[in-house]
């Protein structure tokens, strides 16, 4: 079996501004949208969602889908942040990244 | 004359990891790629590039084009960060944002 | 005259969550707090405030003072982001950084 | 037993620029420095370290200690990013944050 070549790991966080201090229902809806994107793995952390894909393009689909999800919920102002770590020299997964620190 | 309806302002920064401490030639090449995207205005600050467009999609094109530019220069690992401020309630430009703070 | 040795340039952005979509009066108050910190230069961009100081410690004072300013205005939840670019190999200012890209 | 009142959760990431594409030994050293800070809990994710403390001040100590750790390893240019989510209205932990999304 061929191992999928992972080149992009990213971290994404999104929230509406001006919709109260509790924003979890918006984050849930963004995650629903993200979960439908093909070729994208994700993992929720206390501060963000880790995204993993073969290319940057798939990562960016998650950003677009999340903004779209929040707009459709009536958000008037949306703040998001995306940090991409694209690695061309060697494929590795989110799990690999954590392991390289732990050991 | 109709004023263009601006809804998305973003801030983007990109650099290769492991290519020496001087990364300005990579940043220049990314800016060249960004400058070719239609419907996108940009402004360079000491820490990032401000991007302004009507929609999030155009902003994301800048991210994709920049990663692609650095890969084509031989970068093996690329770190980037994008922060989007999408505003649906009222159109405003980068200039408006700075003014609202100054006055 | 001795040139001040600048080693840290940073970019900082702060806003309350759940206080309406217009957050400029909070940002202004944070800037007032920042302006009182000795040894810190700053410059406002459409998306953030650029901070320049000799050491990381002075940069971090700006973060603490800004959170404190927003708490004192009644903000119940405060989101901020700080990106530091510390350079030990050669001193340079915010102005230098922009120039290295432009030329 | 009194539950500790947590008000600040943050996410921190640091790496040297120009020290090769593998930066894990630097990240490990930063984590060692972080682990010595009193009143600070931390958790490693594939893209960052989550920091949890009662106040912003303790969070900022982690940033300062990490920069200091990388400088002492010979890093000439250090890039870091810190995102703080300070919540005054109700205490919650990193675990709570993930749960509010999951359920």
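Labels A, B, C and D are assigned to the chains in the order they are written; within every chain, residues are numbered from 1.
As a working rule, a contact is a pair of C-beta atoms (placed from the backbone, for glycine too) under 8 Å apart; a residue touches a chain by one contact, two chains touch by 3 or more.
These figures come from a predicted structure and were not determined experimentally.
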Exercise. Compared with subunit D, which chain's mean CA position is the farthest off?
Worked result: B
Problem set entry | Comparison of C-D and A-C (more C-beta pairs in contact) | C-D
Seminar exercise, completed: Cα centre of subunit C to Cα centre of subunit D, whole Å, reads 19
Exercise. In whole angstrom, how far does the Cα centroid of subunit A sit from the Cα centroid of subunit C?
Worked result: 27
Seminar exercise, completed: In subunit D, the residues touching two or more other chains are 21-22, 76-77, 79, 81, 83, 85, 87, 89
Exercise. Hey, which residues of subunit B end up touching subunit D in the complex?
Worked result: 15, 17-23, 76-77, 79, 81
Exercise. Contact residues on subunit A for subunit B in the complex?
Worked result: 56-57, 60, 63-64, 67-68, 71, 75-89
Exercise. Which residues, counting only subunit D, touch subunit A once they are in their complex?
Worked result: 9-11, 13, 21-22, 24, 27-28, 31, 43-48, 50, 81, 83, 85, 87, 89, 94-95, 97-98, 100-102
